[in-house]
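After this come two complexes, each holding chain A, first together with chain B and then together with chain C.
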Partner chain A sequence: MKSNQKKAWLFLAPTIIFVTFFSIYPILRAFVMSFQSGSLINLNWSGFSNYQYIFSDPEFWRAIKNTILYALISVPVALAISIMLAWFIFSRIKHKSFFETTFFMPYVTSTIAIGIVFRYIFNGDYGLLNFLLKAVHLPTPNWIDDPAMSLTTIIIFGVWTSLAFNIVILMGALRNIDPNYYTIADMYGATGTEKFWRITMPQLVPTIAFLLTMNIIAAFKIYTSVYALFNGQAGVGNSATTAVFYIYNKFQIVGTPGVAMAATVVLFIIIMFVTFLQRKMMKKIGGR
Partner chain B sequence: MKFSKKLTMAAVATLALVGTAACSKSGNSSSSSSEKIPSKITKKTTVVFWNAMPGVQGSTLKQLTNEFEKKNPKITVKLENQGAYNDLQAKINSTLQSPNNLPTITQAYPGWLWNAAQNKMLVNMTPYINNKNVGWGSAKASDIRTELLDGAKIKGTQYGIPFNKSIETLTYNKTMFKKYGIKKVPTTMEELKDVSETIYKKSNHKVVGAGFDSLSNYYTLGMKDEGVNFTDKINFSGSTSKKVLNFYADGIKKGYFRVAGSEHYLSGPFANEKVAMFVGTSAGEGFVKQGVGNKFTYDVAPRPGKYTMQQGTDIYMFNHASAEQKAAAFKYIKFLVSKSSQIKWANATGYIPVNTSAIESSEYKNNKSIKLPAKLEDAMKNLYSVPVAKNSNAAYNQLNSILQNIFAAAQKGQNTNSQINTGKQKFDAAWKQ
Partner chain C sequence: MNDEKFVEVKNLKKVYDNGHEAIKDVSFSVKKGDLVCLLGPSGCGKTTILNMLAGLLNPTSGDILFDGKSVVNVAPKDRQIGYVFQNYALYPHMTVLQNVMFPLTVGKQKMPKDEARKIAEKYMATTQITELADQKPGNLSGGQQQRVAIARALVQQPKILLMDEPLSNLDARLRLKIREEIRALVKSVGITTLFVTHDQEEALSIGDKIILFNNGVIQQDDLGQNFYLEPNNYFVANFVGNPVIDNFNVKVNGGKITGSDFEINVDDLDKDRFKRDLTDGEYVLSVRPENILPVEEDGAVSAKVDDVELIGRERILKFTHDGGQARSLVNLETPIKPGDNINLKMRLDRVFLFTKEGERVY
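Coming up: the complex of A and B.
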């Protein structure tokens, strides 16, 4: 077995140093701070009291519940729609690049800007969405100002925003599939559905696995879209509060960094666990 | 091999440099409280001022600052806008742990700086106020209203000087009042309810009678009018509290009251004639005026009920600055709260002047471009502000989301009791963090 070249360390050094200082150190510091209480200026040890506080805080559980629901609903739905749209563009549409650009546009637009526009679309009194719903005689819920609807609104918005990135990556993956597969399938008279499930889907599995991991992690860290959609707060009556919102609020506004860091550690563990599960699952499905 | 060694050396050297640069700033943080106040600024001095003043407010502050710099050529004031109040609060909170990066002075609510005061990071302003060269000689000579000065105290110490102060007022649609035959502008909450009901009925349920911008203020003042101060002793599900909450909730159930929701302010719906009157900050008059335009005439009246909220920030000074900087900063503060500056400030923004002589001056009273000045004296009879105590700011903020939940239930016609009980848990938890 070959040993690593010593020189490699030199070339890795800048990255290692930066990662240590700006990624690993903050994680460790967060972990340490989660056992401390007091304001940032004078922290002192307090054992597990921060964890006790968050586990008995209904607001924390609501934040975690909202985050998990958001991740579990919006990610699969968005992925399914993206696969459908990508496949549609890839197989049936002529001016692919035009549509690709159109679908990619939201990704390069700032979430805050989109959020503000959607705030008006979703508005209960004069919003575009309710105008359309009314036109076809469907119920018109108050998307923004009804606490019971907040999470649904966030999920719809989340699905819409994640389409852009997903579609572009999937289009790339679709192009990489060897066209000979399809030619041979055609020779044997395979139907469109057969081709999709027997050729396209298996070929897409690695890409889907990648997107699933990225999307789930991003979904757990949701903050900006909530902030933009509800005008700077976590929904009416904090109904759409998420884990990151909880952390930010406890750290910056309430001034209890220890509690915020305890919540950070819990969120970190949840994300790690979910990612681990997902990798296991994808390995089984992909058979590799 | 030689090349790689050189590279390593270079890398190590760079790192060492970065390291020392980061540490070298933490030298002179020990400034004692007994230091002398310089009577004159002889060296070039820079004062950094963190603020959260947007639009007209920001540009007026800039004008005043330029004026001050012209009069005091040795002093430079750097205005650093930190965004909205929330952003400013967050920025102060996170910077408190590296005091050398704090500004010389900042706008703030006293509640934000509770911890900073506990850790002796703020400057006690009393010696500066009493100093004849930099200050006025005494608090009385400053002519700043006593209740405003008291509002800028933390645990009895004068850490802040009031600057941009506003009160809650009632803004109403005069044209609509005439149309529906309402002769008397409501002065009590009962009258507010009656007028709202009348308008709602007479407009065939098209126009909502009234609403309150700040739900936290609604609750705090509602309780104060019932004789209950804002402390951790408040029983949120008690009978007085329920009375205050259900007064608003009933109105929402029946349709004649509403809340601002995610729009945060009712000035929008007010300008679109969806609501006939609303209670909000006087500093919002500029927005009302702009929104209403020539569509109808509006007017401002004292807030119904006995008390009104005194809100808006004060200016606080941090301890890490040099003696010269502190003196220069105080001179600047003194300039900002002087009669002439306050008149300019109030006339441009809708904030209220902090000193009595400015309020009584004809330049302010006769200002026809906004409606507040003529009504101000009546509106300011009984002022109240959120008492500064541990977690009072957190509890006050929490009220907003608690009340939103209660009123959302009312909107759907549900009973508010279960939401009030949940609210009690959250309210008590906010006091105990």
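Coming up: the complex of A and C.
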């Protein structure tokens, strides 16, 4: 028994060491640093002053507000579109693998590269998007350079980039549904809508729950797409600043790691809380 | 209306897109209220026929009539059929009650929930699953799932029930029980049932009539016992029966049937059993193991017993003959051991003669 236990620890050691050094330690270090001020090589205890600072900083509140808005809008919209597209490809399209590959492409492409392409698409003067909007006589906003539009632009971009992963996972889930479920439904004359809501959706609940968790967490950590779309800025006049952008800014640019870590801890708590809420919600839906 | 030919299949043919000819000119009919088994080895086309009856597949040519009316151009939902899948395909996210109610609550003829529930409960009582109403299929045993699937298939009060190997997911003991239950159930409901299986024993015990398929062709369409007593051809004789039939290569020449170490006078055979005239040539003589028995007297085939297998009430004596293995089915008490030399005699009124092409002569 005892020697067995020793061996078990030995086998677990690589993982434990890895997780301790690269996951647990940084979290604790961030937590400790959030109570310290000064530069990285010269940190002093400063109590709750960092937290006091961020809570009175309008920039921080804007970042949090933008992040929450982004997550709450882009995630459900992206998921709804993904489900629609996946169902469409799955039920209507013949050469599924071609479309699946096409839709998966953005996932294996760097966000920075996509962002640069989208800078052109979104360009107010010669962008493809406005060209198309003009063609159908819709207003053509200045997507990139208008501070009032920057969050919308980020959301559109975020929805687009998350489609790839969602669709591939959803296609996998759709494939796993026993085709006989639909055969039987057909035999009893069920309509397409009935089949979707009474068979497909209930069967997708676990996958949707998984994607929702993944997407929400990713949305709260949004940084790269902002960086890429606004050329390294957080939009005109920091209009599209996000939580991670704020953290990065306070850490690297301003040089106040304590403040950055205080913001990190707050973001960490928000993500945990939202994930917890959302799991409870999905359990209720799934356990009907 | 047309009770003798309630289901009628005429010259049905199915060629798949890849050119595979699954069904070649099949015709049969089913009497109203009968339980008919479509039997055959896997790949023989029996499920293809069932799917064409259900409307899940379109026949290449030929006609299918339900109650005298062609249904080839009728959509599955309008054919008034119930279908039980091999894996049941119960909806795992719905309760038993919701599963059974499902056919009544979708499509154009959907009815109010209360009404659907009443009908569903009636059939759940018939199939004895009332107390499982709020369970999910995942919590049910194979037999219970089977009953839910049948209740769901019956709830729209179809005229014809189609079952595709409904027992193959159950363990052996449960299979015996459930097949009796299925027979009792469909008989009490009085529904015409077509039941696909590859298990001859299942077909023999459950079916009013059996249609045996091979290579997309009907081999025999008959009452169960006739598959034993009067097989149409070599395939039927070898497919039906456990232990399998013994086959001996023989030559017919000048009124004598000669095997590797036995000889039979054609005159000793029962003249009424000849299907056609026996001409000289090569044939296969087949005899069921229960009709080739050890005897004391000489003049019979002698053989050395290689092995003795116990199968409940009986023993199978296995011996090598003419390079192949043959069997004799004897009483449990027979004191013959492996290695014993025995004399065997065939019941000549029970042997069959087939041509090399498999056609039955005697």
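The definition used in the following text is that the second predicted complex is superposed on the first by the 280 of 288 C-alpha atoms of A that agree within 3 Å, B and C clash if a C-alpha of one lies under 4 Å from a C-alpha of the other, contacts with A are read in each partner's own complex, and residues count from 1 in each chain.
Convention: a contact is a pair of C-beta atoms (placed from the backbone, for glycine too) under 8 Å apart; a residue touches a chain by one contact, two chains touch by 3 or more.
The shown structure was predicted, so the numbers you read here are calculated from the model rather than taken from an experiment.
Peer 1: After the match on chain A, would you call chain B and chain C a fit or a clash?
Peer 2: fit
Peer 1: After superposing on the shared chain, does chain C or chain B touch more chain A residues?
Peer 2: B
Peer 1: Determine how wide the angle is at the CA centre of chain A between the CA centres of chain C and chain B, giving a multiple of 10 degrees.
Peer 2: After fitting both complexes on chain A, the angle is 150 degrees.
Peer 1: Please work out whether A:Lys7 is in contact with chain B alone, chain C alone, both, or neither, and reply first, second, both or neither.
Peer 2: After superposition on chain A, A:Lys7 lies in contact with chain B alone.
Peer 1: Please indicate which partner A:Pro139 is in contact with in the superposed arrangement: first for chain B, second for chain C, both, or neither.
Peer 2: neither
Peer 1: Just to confirm the value: shortest Cα separation between chain B and chain C in the superposed three-chain model, in whole Å.
Peer 2: Nearest C-alpha pair, chain B versus chain C: 42 Å apart.
Peer 1: Under the contact rule defined above, give the chain A residues that sit at the interface with chain B and also at the interface with chain C.
Peer 2: The overlap between the chain B and chain C interfaces on chain A is empty, containing no residue.
Peer 1: Touching chain B in the complex: which residues of chain A?
Peer 2: Going through chain A, the ones touching chain B are 7, 10, 13-14, 17, 39-42, 53, 57-59, 119, 125, 144-148, 230-233, 235-239, 251-256, 259.
Peer 1: Once bound in the complex, which stretches of chain B touch chain A?
Peer 2: Against chain A, the touching part of chain B is residues 4, 7-8, 11, 15, 84, 86, 89-90, 93-94, 96-97, 115-116, 119, 121, 261-264, 274, 394, 397, 401-402, 404-405, 408, 411-412, 422, 425-426, 429, 433.
Peer 1: Any idea which chain A residues touch chain C in the complex?
Peer 2: Counting only chain A, the residues touching chain C are 178, 180-181, 183-191, 194, 198-199, 202-203, 205, 288.
Peer 1: Quick one: in the complex, what on chain C touches chain A?
Peer 2: Against chain A, the touching part of chain C is residues 54-56, 75-78, 81, 83, 85, 87, 89, 91-94, 102-103, 106-109, 152, 156.
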